[in-house]
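One chain, chain A, appears in both complexes that follow, with chain B as partner in the first and chain C in the second.
For the complex of A and B:
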């Protein structure tokens, strides 16, 4: 299984921990994909140590400044991703996860489909299937 | 191609490369491999290394395994290019420190700052440069000030990555198609750092603010050109600007040569091959270290301790009154060799840092021990930071070994550093002995001094400073199978020597009156420690000239091994207001040596104010024309019972000038008689001596008998010592302060000390008001760390809470981390290339 974790901020450690701890199994492949809002994932990797603490193999990648959802889906296709995970960055007054624009764009994208799961800190799109 | 053409080409190349970097930035990519930032790359590397036990998770050395000859060829080419760069560039420098002694080295590093290959020279700094690169990465230099093709960085901050500030390092990145593929760095020891006193390692300052200029991992140029601001700034901060300018050109020359070599290799063999070689070389170095440990040592805990003195009571010109106190460095040393071949050095129980310039930072300790290990444990393996990854260090925060306080002075950190590694030689030697590797056994090479330093207005009427590196040539410790080499080397710069006297005289207004092997300086033993040597210097054509001494005094750090004796301790000999000028004019005899300090010969050949004292350190003091200064370079320690030394060898020692005849009897029980007054040997010793075989046998027999009569059971000795400690009898304040400091630093040490001597749980030494105040002052100073964000490898440096669990054997006196006393490497898979 291959998982993409989209990272908008190095502050989103809890969502990464949740995905690595509860969603991804040991030995699986993870792509940490930073958005242009994040200059460097170094501090996050140093804090979490994904291989030491979760036994996962991983790469670190980035999306360009002018990226759009198609770029993201293209990356997911190339990586053969089974899951895409995004941190919950916004909540309603009652504490419910608010779907952000990027998540919504993925959900609405024609070329990708799958199951939608909301965790405590992360939104997980799993069982992904891709169009032609 | 002319040099200006080369400069233009380099600029154009930098411009092209910068375009590639900027294109990557636009894509949101970093300058690391495959679009990562350097910090991401470093974080990933540390994570994968620790998780897998292999460097960057590299469990298979594909390049090496597929074509081992090619791997060796490529690596040897890199290594050869580094050595060539050093040999060529050192001719650019004008200081004998570099040109004569080769106090210069280069390293090639991975993007994450791990050394791949090293030159010869003062390679302690390979690892300190590694720390400086990691500091830049982990403090986001990629964003600010930016790391781009053609950039030049400098560092000499020990809290970042250096032993002391007189070792200036130049570091430049090497790019290929927008990626930083490697770093190259060069270090050399400069003459003067602009400290409060002249010379590179002043000793009169209480804090780092007297150490001289600190340049903290700083960008000083771009497009391979130094900034004008830098070119104007640093020369004004030293007494020897022209020498420092040439030193910098030296380092730049070497770095650019190595950069060219790397680029050529990439052009010929491709970038992927270079990247693979970089990674595999470090992993291969790590495996080599582990394999060597498994092959030559036994698992277990090796314990020892070392001390060295630094006496400041009554010294003049100390910058703060509260710094006028005596210091003793205490280094309880433990080496843990685990069953998997891992290797941990612990200084738990080290005493507190002090208001003196001998404090160390972790970079200094790790770099120092790294160089010692590379010279001893892995001389036949790849020498790079693979050895660093095979070791771990426990350096208690707040101790002299890891001050974590940017107020502490470090100008001569080596004084404590080299003294502290003395037990490490013994740990290794005991392991080698147990496994039968007798040729590897060495009694130790600790305190390398004296350091002649000073400055003022020189023979050319210029402000100048001096720092004699004759100390790169000391007697080395005895080996199990042969004597230590006399006046041979210093482990921190294995290729160095004493340098030509004429070369020193060109840059120092200190003419040589004599230079000779110094008798009785090597430790006695079945195998004798190598003898040191001495230079008698006078002063000529100077004004307001200062000189000072620096080294071990009452104490010698190496204890000797297997019954061998330590090397001789230090002393100071100066003469002022002498009649030397008259003696020269009248053609009269004058002192050229001080071969036998107790003979009175020196005093009989010169009139003046003579100072002779058994200490090693003095603060800067004024010298005038025809004053005299003895530069005494120490010997190495001995190994084995001196009464087992072949008497014929002792006779040779006399003729070679290593041992005085009367000392032969006292130390070796060898009786000789003079048979010719005139005969000359290849030493300053005059006369032919003959062995008295029967008298020697009788003398030795008597000495054995006396030993037996004087011996007492350990239990009796223990009881006497315990009473002495409990009642604090004959314990000077300096000793009590040292142990009290260690007990305050470490509960484990305090428990051990009280337990061992059967003292009450509340036992403390009674200190004088001054000593108590000194300890309180330093313990209350808190921490002022330099690293805001540390890498995983630096956690042991910086974290005061949740300190990693360090096996500490003193309290329960068991062998921690082992499955049992019979544990062996054989229970593990045998050491192999895949370890």
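For the complex of A and C:
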């Protein structure tokens, strides 16, 4: 199984830990995909140490400056991603996971579908299927 | 099942109400019942900035079939309106139900309609969002959570609706503070003195306000005292 974890901020350690700890199985491949606004994942990766602590094989990639949802879906298709995980950075007044523009664009995109799970710190899109 | 919150531009009856010559703070669609054909009974709670007369409201909404206008008992800025309208006047509601999504709350404020609804899954969310976006031009998803229970559908939270406007701001503040601080738990997590301290009121004032709240609840449940 292949998982993409979208990194919107290096401070989102709890969502990465949740995904690696309770979603991804040992030996699976994870792509840490940072937004262009996130400068460097070094400290985050050092702190979490995915290979040692979770036994996963990982790569780090970056979305281009002019990215849009199509760029992201294209990356997911090329990577053969079964899951896309997005950190929950905020909650609404009623306690719901706040949805930002990128998450909305993914959720409402025609070319991607699957199961939608809302975790404690991350939204997990899994069993992904891609359109034509 | 997914519970979603989203925001769309004002439309239909809420838009018309915000256009009248008086400051409207919020409009909530409390319930809707089919009449015949494309017509629907809509029950609304409308909060104004100040008191308005029933005549003024009926006059301002003359193009609608206004069946009843009732002022809330304690909060005189809240009015309960019953109108017969076309389904298109509550298009977001009809789009939700046509798509078999469950509407929970539809509130108009700050130039938007904020909607809470339940959908089955991701595909259902897409279908509902696309239909609403096609009709209303844009849709902004605000939040989501997963739930096993349907919860209260629109019009189902009768106690909350019935109490709306029947408690004063002070009574609501006391009740909410006491509830949030754990006053009603067994064993109590906070003393009356601590709540009074939090609200900067005396213990006797706190006690009187809580008794009035209980009295209003009893009046709602059992009717007025003989």
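Keep this in mind: the second predicted complex is superposed on the first by the 131 of 132 C-alpha atoms of A that agree within 3 Å, B and C clash if a C-alpha of one lies under 4 Å from a C-alpha of the other, contacts with A are read in each partner's own complex, and residues count from 1 in each chain.
As a convention for this text, a residue touches a chain if its C-beta (ideal position, glycine included) is under 8 Å from a C-beta of that chain, and two chains touch if they have at least 3 such contacts.
Bear in mind the structure is a predicted one, so any value in this text is a computation, not a measurement.
S.K.: Would you sort A:70 into first (chain B), second (chain C), both or neither based on which partner it touches?
M.R.: neither
S.K.: Return first, second, both or neither, reflecting whether A:114 touches chain B, chain C, both chains, or no partner chain.
M.R.: A:114: touches chain C, not chain B.
S.K.: Per the contact definition in the header, classify A:45: touching chain B only (first), chain C only (second), both, or neither.
M.R.: Touch status of A:45: first partner only.
S.K.: Thinking of the overlay built on chain A, is A:95 touched by chain B (first), by chain C (second), by both, or by neither?
M.R.: second
S.K.: Starting from the residues of chain A touching chain B, keep only those that also touch chain C in the other complex, and list them.
M.R.: Of chain A, no residue contacts chain B in one complex and chain C in the other.
S.K.: If you look only at chain B, which of its residues touch chain A in the complex?
M.R.: Interface residues on chain B, with respect to chain A: 26-30, 34-40, 42-44, 46-48, 50-52, 57, 137-138, 140, 142-143, 789, 791-792.
S.K.: Which of the residues in chain A come into contact with chain C in the complex?
M.R.: Counting only chain A, the residues touching chain C are 91-92, 94-99, 103-104, 107-108, 110, 113-118, 123, 125.
S.K.: Hey, which residues of chain C end up touching chain A in the complex?
M.R.: Interface residues on chain C, with respect to chain A: 2-5, 116, 121-123, 125-126, 129-130, 133, 140-146.
S.K.: Could you please specify the touching residues of chain A with respect to chain B in the complex?
M.R.: Against chain B, the touching part of chain A is residues 34, 36, 39-43, 45-46, 49-52, 55, 58-65, 67.
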